[in-house]
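Two complexes are shown next, each including chain A; its partner changes from chain B in the first to chain C in the second.
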Partner chain A sequence: MPVFESSFDDPLGMWAAAPAAQPVSFAVGEAPAPPEADVYRVNLSAQPEEARAELRQNEAAVVAVSAALDAIPARLEDLSQRTPPAGISFAVSGGMEESGPEGELLVMLGETDRQALSGGVLSFGFGEQASQVWAEAKARFDGLMTQIDHDVLHLAWVETNIEQHLIARTIVNWDGDAQTAWLEEAGDEQAGLHERALRSVTQTRLLRLRMFITIASGAARLSVLMAAPGGAVLALPAVYQYVTKILAQAREMQSIQTN
Partner chain B sequence: MTDLFLNGIDADTGGPIDGDMVITSEMIAKVARGETISQDELDDARKRRSLDKTKVKNYGSIEGTDDDDLGSVGWSVVFPASLPQKSVDGIKEALKPLLDLRKEQAGKQTEKYYKEVIGKDLGYQNGESKNDFLKRFDTGPGPADPDFFPYYSLIVGSPETIPFTFQYQLDVQYAVGRIYFDKLEDYYQYASSVVAAEQKKMTRARKAAFFGVANPDDMATGMSSKELVKPLADGVKADYKDWTVDLIKPENATKANLANYIGGAKTPALMFSASHGMSFKPDDPRLLRHAGALLTQDWPGQKARMPITDSLYFSADDIASDADVAGMVAFVFACYGGGMPRSDNFYRQFFKQKKDIAPYAFLAQLPLRLLSHPKGGALGVFAHVERAWGASIQWDETVNDVRTFKSMVSALLNGKTAGVATEYFNSRYAEISTMLTEELDMTTPEMQDDIKLAGMWTSNNDARNYTFIGDPAVRLAVADKPTPASARTIIQIPAAITTLTAGFQPDVSDRSAAAPVKSADGSQATNYGFLDAFKKDPAAPADGSGSPGVGGGGALKNFVEKLGNYLSKALDDASSLEVTTYVASDLASVQYEGGKFTGAELRALTRINIDGDTQVCLPEKDGEIDMTVWGIHLEMVKSAQSNRAELIKNIVNAAASIAGIGGK
Partner chain C sequence: MATSPELKEALKNAADTIAKYVEDAASMTVETKYIEVGGKSDEPKLLARTIVKLDGDSETVLPMKAGPDGTLVVDTVVNEMHQENVQTAIDYRTEMLERLLSLLHVS
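Here is the complex of A and B:
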């Protein structure tokens, strides 16, 4: 069972989606979450030190993702400065000196621009695979928008379990108003664990908002490189792909360091 | 003094639209006494009333004509005079299939029976009364004479440029409908759908469905379910043996089931629903998209007093992208089901001051989405603008009165046009209006019965505010062998129609966000598809120069706007912070109901206002403060404060970024 699980597919990849067949919020004998609530469940070890370490891992991931999001606008600004304006659509196979995520970003933007200018034929010049990547990235960006919409309008239902034993449940809205039901026997130690779990949830919600803003403003910034009208919208999937790659790298790096 | 029922619920409180103020018969009677029905309105009502008394078959048009035949009574399309020529050309092009058909039907024998009331000189001038409008066509109050002005009128424009009041008044004697879409493609979709239905290229089975919500402890829906929906369904079952009739009882009147009947496998030719309609505060970002959405049986009732989320109501967002609504006609009995005026009529009259309930008058999104559906649109939706009152169903608080509804439904099932079917509501309005005025004129306040007067006033307003969204000349398209969905022609939008999009009707500066679309399986469908994204931004120069910005894509722009509204609202809501602590010996038995935990003991509560005022309820055990619970509670408060500070910081940063996106 994952330590951090949620009732939805977290676009940040920090919470594991619970399998559809076993919804986390409707276990037999337990009070159901309101249908409109997003359920977050933290399953901690009974060993206090181990439980704290599990939470630390998540907290470190939050810090790493946050720092990566902080850095992205400057990276994209640099990229747009050193790329010739409106030139990327003709530079698919040559002339690109960027490597890594920035290089992939420019290639994808260039392909998108080129196809838009040529009338929007679905097939990309370099094959169906690129088209699929674009479509998947777009679908995931749509998913991010949907989830933020949900975050803002709905409640988060946060449960902390210790060795599968529920110790606290909090209903928290977007503004932070919170109602918590504690197990009578919960002590300071367990309360501290739930409080940290709750904090992870609220921070994850904010990170998703920041991720969206970073992608949207990044796409707007890079649209000047594209010749096709509506460049910012066209650029969104590519920038989404780029941002998720950077965030995945940041999480991986953090994971290596903490381990 | 009696409380009155109306079919609208506020999303924030889960309570009545008017908050804790209960509208009583006494209050309405005061309004009625103070009301000045204009002389024009009264004349119309009286004329209509006298005609209704004398004529047998005809309702709105002159003697010797047939209201149900366009060639006999004529058809017109009315645009606002202020619409720029480029937009006029675009909309006319998009509506061409429908205009051509109506021209053929109405003008084939007498050319002038088809009329385009379009352009600076001929179009509707903003602020014009019905009589001033008709005067320009050398006619006045009284039955429609197509030699001067046709009986059928399709208004094409927002209620800001052609007000609801004009529509109501013209509708007293004429058959009036309205359309107003955000995209030219939608006009084309609708026009093509109507033409397909009339040319029998798209027919549905003879099936009617009656959907009656009755929320717990809720008098309004209890009454509409029992006294309106059931009798209607029973009546149709008894009188129309060749029709299949589904009565959806309250226990089955859920959102999921409504989706079966609106676009799903059970979609009928005629859908009738009675429920509460959703109401939102004027600054609520959901207002323009979800006002008038249908609150289903999933809502636990007013006693829960819980904020209402979209899982409890059916809105335009719930019409799947592959929904099968082509050719259907719907009747939506719900507050604001058809749209919303800018200011509240009741408040204006009771408090003698204007109370804005919306940034501008608008049509509800649900009917518009049905009419413009990309897989073929519905033909029309009867719906209510403003509050829908229980007076629609009960006369004088005692007599169940659904004859008007029955007559309207029968007219539709008998193949009459929507315009003719609405005449029954027009007759009712005329009759009650006259009665109300006579009651006020002929008696003194001391002699008047508040309840009777209030009943008349609400009935009068209620009957007046039914509107038809769509072309009033449409009629149900049914056949013994309906067109299978697979055999229907998919409407292809011509390239010329897509050259103008949002903004081509510059009458409302801050237009409603387009509704997100779901696929039939409930998953979020493409908001801006690959090919859509590749469509050229109409706002961009043709040479591709300039800064297109994110705004070129409707879905993202809408989302950014919506997000801005959310964040702004979040800042407003951040004026207080509330943290509550409960304790239970068994968390499995703790329920979350009506916005709070039950089955657990409330032990501590802290509310901190922005001005520093703090309210604290301390946990007590054996006469002393329970330090364990208090300690845990304090930590939660500190954590919530820290979270709130981060939220505000993020909102401020996000707001700056959003402004940047908008400015690109």
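Here is the complex of A and C:
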């Protein structure tokens, strides 16, 4: 069982998706969670030191993802500075060299621009594979928008389990309204663990919003490179893919450093 | 391209929704309860409650217990637990509002 699981697919990659996860009640007769609530479940070890280490791992991932999001606007600004304006489709096909995630981003933007200018849907010749990548990125970006909408409209139902035994639960709204229920037997140590689990959830929701803002502003910044009208909107899936790649690298680096 | 108006519309809708919620966020209530499993009632019992309003007013129901001499004193352990919850909620709300407002700016 994953330590950090949620009832939805987390675009930040920090929580394992458990779509079938249902909120757990402390006791029979207790009011159930609203069906639309996002369930976050932290399954900690019974050993206090191990449980603290599990939380530290997640907290380190939050810091790494946050730092990566901080760095992205400058990276995109640099990229837009060194790329010829309003001619990205020709610059990319003309062999302009850019490596790594930035290179992949330019290729995808170039394909998008070229096909938008041709007035067709993304589905011809060389672009077939890129078209599929674009469609997947767009679907995932749509998923992120849905999740943001959910984060604002619906409650987070946060449960801390120790050895599969529910010890505390907090229901929190985006505007801070919160209800925490403790199992009577929970002690100071367990209270501290749940508090950290709750912070991880609120940080996750905030990071998701930051991710969305980073993508939206990044797409606006790069739209000057595209000749097709509506470039900022067209660029969103490509920038989404770029950002998720950077965040995955950041998590991987952090995981290597921690281990 | 067929998809761009949909994305544009979705962005606009998200911004409109968020603007409405920012307007509505006038107060915040944080409650701490406990559950006595196997007790007389399965309903969570209220230990402490804090209401914080945007105009600066706040209201707190403190957890009390009987002291050694029988007089009521604040249950510091529970109160500390509750204050942690309040601080988490305040931090979350503050940053969320900042991010939502910057999102409106982006959109």
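The criterion applied here is as follows: the second predicted complex is superposed on the first by the 238 of 259 C-alpha atoms of A that agree within 3 Å, B and C clash if a C-alpha of one lies under 4 Å from a C-alpha of the other, contacts with A are read in each partner's own complex, and residues count from 1 in each chain.
Here is the rule we go by: a contact is a pair of C-beta atoms (placed from the backbone, for glycine too) under 8 Å apart; a residue touches a chain by one contact, two chains touch by 3 or more.
The model shown is predicted, which means the values in this text are computed figures rather than measured ones.
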Following superposition onto chain A, is the placement of chain B relative to chain C best described as a clash or a fit?
clash
Could you look at A:V133 and tell me whether it touches chain B, chain C, both or neither (first, second, both, neither)?
neither
Which of chain B and chain C A:A220 touches, first, second, both or neither
both
Of chain B and chain C, which one contacts the greater number of residues in chain A?
B
A:R199 contacts which: chain B (first), chain C (second), both, neither?
both
With both complexes overlaid on chain A, does A:E184 touch chain B (first), chain C (second), both or neither?
both
Partner chain(s) touched by A:G143 [first = chain B, second = chain C, both, neither]
first
When the two structures are overlaid on chain A, which partner does A:A116 contact: first (chain B), second (chain C), both, or neither?
both
Looking at A:V233, would you say it contacts chain B, chain C, both, or neither? Reply first, second, both or neither.
both
In the combined picture, which part of chain B sits where chain C already is, 109-117, 271-279, 487-495 or 559-567?
559-567
Overlap of chain C and chain B interfaces on chain A (superposed complexes):
29-30, 115-116, 122, 138, 142, 145, 148-149, 152-153, 174-184, 188, 191, 195, 198-199, 202, 206, 209-210, 212-213, 216-217, 220, 228, 230, 233-234, 236
With touch defined as at the start, can you tell me which chain C residues reach chain A in the complex?
1-4, 7-8, 10-11, 14, 17-18, 21, 24-25, 28-37, 39, 42-44, 52, 77, 81, 84-85, 88-93, 95-97, 99-100, 102-103, 106-107
Can you name the residues of chain B that touch chain A in the complex?
309-311, 524, 526-528, 530-531, 533-537, 540-541, 544, 546-553, 555-556, 559-560, 562-563, 566, 570, 573-574, 577-585, 587-592, 596-597, 599-600, 628-629, 631-632, 635-636, 639-640, 642-644, 646-647, 650, 653-654, 657-658, 660-661, 664
Can you tell me which positions in chain A touch chain C when the two form their complex?
26-30, 115-116, 121-122, 138, 141-142, 145, 148-149, 152-153, 170, 172, 174-185, 188, 191, 195, 198-199, 202, 205-206, 209-210, 212-213, 216-217, 220, 228, 230, 233-234, 236
Sort out for me which residues of chain A touch chain B in the complex.
29-31, 33-36, 115-117, 119-120, 122, 134-135, 138-139, 142-143, 145-146, 148-149, 152-154, 157, 166-169, 171, 174-184, 186-188, 191-192, 195, 198-199, 202-203, 206, 209-210, 212-214, 216-217, 219-221, 223-224, 227-234, 236
